[in-house]
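There are two complexes below, and they share chain A, which is joined by chain B in the first and by chain C in the second.
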Partner chain A sequence: MNTNLQTPEAMRAALFEILHNFAPEADLNSLPADAPIREYLDIDSLDAFNILVQVHKRFGIEIPESDYGKLVTLNNIISYLTK
Partner chain B sequence: MCQGPDASLWWLKMRICPNLTNYDEVREKFRWSDIEDELQSGRPVDELQRFNIGYFMIDRHCNLGRGDRQALRCRDSRGGTRVFTYLDLQQSANRFGNILRKFAVDNGESVFLLLGRVPELYFSVVGALRAGCVVSPLFSAFGQEPIFNRMKQTKARVLVTTPELYTKKVLPIRERLKDLKLVLLVSESGVYTIPENCHDYSSEMSAASSEYRIADTTRNDLALMHFTSGTTGTPKGAMHVHGAALMHYMTGRYALDLHTDDIFWCTADPGWVTGTSYGIIAPLMHGVTSVVDEGDFDPERWYKILQDEKITVWYTAPTAIRMLMRAGAEIPKKFDLSNLRFIASVGEPLNPEAIHWGKRVLGLPIHDNWWQSETGGIMIANYPAMNIKPGSMGKPLPGVEAVIVDRESQDTIKILTEPGKTGELALKSGWPSMFRGYLNQEDRYKKCFVGELYLSGDLAMRDQDGYFWFVGRMDDVIKSAGHLVGPFEVESVLMEHPAVAEAGVIGKPDAIALETLKAFVSLKPGFEASDALRLEILGHARKRLGPVIAPKEIEFLANLPKTRSGKIMRRLLKARELGLPEGDLSSLETAL
Partner chain C sequence: MFEFKMPSLGADMDKGRLIEWKVKPGDHVKRGQIVAIVETPKAAVDVEIFEDGIVERLLVDPQTEMAVGAPMALLRATNETAVTAIPQVAEHPHLSHRARKLAHQAASETTLRVSDNREAMRAVIAAAMSRSKREIPHYYLGNEVDLKPSLDWLSEENAKRPMEDRIIYAVLLLKAVAKAVASVPEVNGFWLDGRFQASQAVNVGVAISLRQGGLVAPAIHDVDKKDLGLLMRELNDLVLRARSGSLRSSEFSDATITVTNLGEQGVDSVFGVIYPPQVAIVGFGKISARQTVQTTLAGDHRASDGHRGGLFLVKIAQLLQHPENL
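And now, the complex of A and B:
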């Protein structure tokens, strides 16, 4: 895992950077940590897939496609990455 | 002002009553024979079988005592203006006809024009039509190969061009054009050395008699050839007959709302079908005055022409409108555009933003209409006395039946009667300006028809009020994640962003979604391409269109490749994106 991304804050900031590229119109600071990201930010399936591809690249963590369904909220993703 | 029974109708306030005020009634009562009767009225019975577009453009007016009306006001690029009446045109066309006779050019042989918007273009087109020749205008910006391809396919007999264009573009291919027997050169200055195997236009005209008898053509004789670029392969020559005149006349009346006293300006290049059908033929058939501007696009000068020439009806193209929009709303404020009565646009669907801009800045909405090289004349239009639905192409002309179909196989189709369904736009065949073939490509022609329907290759939708909406070319339509997306819709939204000048959207192959949308965008002056701006535009598109229809990718380009008629060449953008061969680019406007 990328050593600069160990704290939840840093992870959150990195995730926001990725999300901003897909939904630049969204106010990410108002995104609740436990809200389903796709619904909240109006992300279609294709973008959702590509977001996770970016997460994998950025964090250096393998995310099998079978796990995609578990990664719904910010909290889901952060805990998945820290496990 | 118009007079009418129902004062609540908004168009009654118009200065001049539109020609088409009751769409349904006119459509119902419409008969092509009435148009023909009107055009033929006053001719001796034994003349009626002779049918020639050139006659209706010039001689009819002269015979009716209207020959001294101004036909053309030609503005040259040096600031001068030359005026020609219908009688002047008749004399010049007669002389041109006699030149063709002198050089033994026969009925049915082809005459090519490689000229800008100069008076000689008009003399030659009318003269050649009256001689029974097949007229084919080319873009003067064409390079050697596109000129060669078109002239070779057509077995070109005659070429009218300038010494400069001849030396640069024709001389290198002359030897390969075995059928070319007469080259006439129009020189601006008159001072040049006539190249070998060429003749000076002006000297030949002076030497030719101004007495001439129009050739014995009929409705079904070939008159015009318009080349149109296909998705693949060489350009197709769409062939048109003299009978098309009925369509030019009828659409001039209803779609362009031409009235006898109008001053009309069609900005299209003569190399494009609009520049012929509506830059030359329709206005002359109506006996109006056409302003002909030799110069290139320049916003300030264009507004000045509208003002100084007191243009009443203006027919232009989306590219020009977008360029005027880009130039800003301050320039038109300096000019008096109060004579303008009607503005129409053709070439590519007009974005709603442009229609609103027209109303705001020019004081008039812009009326979009739809047709193709193959249809020879306007088929579907927004009329003056009809509410415009911005972004719609309008309703079919009287005498034109349009339907939406689903092509089930090569020879079977299903007509989609339910409003709102997207399918291929088809026209019931038999309108007078329907193309009669693609030159030397009978199979390609046959493939355009199923039963009595001509299939346009354009995707469209008809709404519950009978308005047609362009969705895209069959081959431009993007299938993304199970959705059918028309690029025009996406481009229109992108163009609403204040930084965006033009946009072209393509489908980029995608392993998951089949295709994803990629937008190519050019920016207005004062905006710099940056990642932040790219994201801002993407956010705007997502907000307006939702995630599925919004582009996934946006790339900035300084200019988008366009055809001469102003269509953004999505096909080329796509070919470049995929690294594929770019095909025939001869109708490109922008340098690559």
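And now, the complex of A and C:
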């Protein structure tokens, strides 16, 4: 894992940067940490896939397709990254 | 000598504005090369040329608005000798460096403004959809398709692929539609001049909603001939460019059939409105808990009948039972 991205705050900031590229108009600070990101930001399946590809690149982790369902909310993703 | 004309980038376009030339007099151009950027109410579009040639003269300056069909440049065929000497001068000898820079800035600002221009896009969609419902006698068919074989196969396939190379199920749907066309060719092509003109190429228009509102349905070319990995990359690229406003003219104008996948928004099924001059649109709803998907066809009754449309939907369903052959 990228050593600059170890705290939940740093992870959250990095995730916001990624999400901003896909939903530039959204106010991410108002995104509840336990809200399903796709529904909340109206992300289609192609963008959802690309967001996970970006998470994979940014955090240097492999995400098997069978784990996609575990990565629904901000809290989900952060705990997945810290496990 | 031949003319390069303002292209029609969709049935609903009657004029366009030249934003930028990508070629200059004396340039050799190849079929498919991007020669200009043209602004329509929907987007700034990279316009391709459809013949090889040598640019003889540019007839209009950037920022000029022209009707569809108006000549924009003169070219000669590569085997044709120059009839007049081409003066080897700069592209716009009458423009100073500063003026050119300003023109360029104005062009980029226009492009940005256009992507925000919801009203103009609404008007374009309104015109196309009104024409569709006015002229095309739609018929509608629906079929529930078992998607489990496709989804299971895709899970296995994706497990073998590095993350960046994985495929989403929508790509299987596009490929199944494109391959099914071979069995029922009367759903693939155009209604022009009072008759159906079948298309050999299967260029699938993909309905893409834009975050700022509105939608476009640019085409992926020759979908029936491309493998799933390549289609995934092309779909990704197409959506990215649709959202950033840099589609090519051929993508805008030569879809031969369209697919809309509103399952994304969580609805069970979608009954589409055909994009003229096409004659069919296939819709996919959301995947149900039983891993089925509602597949619909809106067909142009002038070009095909419900019986043939039904066979087309059944063929799509059959192809999705054997994803390994897609």
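The rule is short, and it goes like this: the second predicted complex is superposed on the first by the 83 of 83 C-alpha atoms of A that agree within 3 Å, B and C clash if a C-alpha of one lies under 4 Å from a C-alpha of the other, contacts with A are read in each partner's own complex, and residues count from 1 in each chain.
In the analysis below, contacts are C-beta pairs under 8 Å (C-beta built on N, C-alpha and C of every residue); 3 or more make two chains touch, one makes a residue touch a chain.
Keep in mind that what you see is a predicted model, and the values were worked out from it rather than measured.
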Chain B versus chain C as contact partner of A:62, first or second or both or neither: second
Partner, of chain C and chain B, that touches more residues belonging to chain A: C
Partner chain in contact with A:52 - chain B first, chain C second, else both or neither: second
First (chain B), second (chain C), both or neither touched by A:44: both
First (chain B), second (chain C), both or neither touched by A:21: first
Chain A residues contacted in one complex by chain B, in the other by chain C: 23-25, 42, 44-47, 49
Interface residues, chain A side, partner chain B - complex: 20-21, 23-26, 42-47, 49
Residues of chain A touching chain C in the complex: 23-25, 42, 44-47, 49-50, 52-53, 56, 62-66
Chain C - residues contacting chain A, complex: 155, 158-159, 163-164, 166, 168-170, 209, 211-212, 235-236, 239, 264
Sites on chain B touched by chain A in the complex: 481, 510, 512-513, 516, 535-536, 538-540, 542-543, 546-548, 552
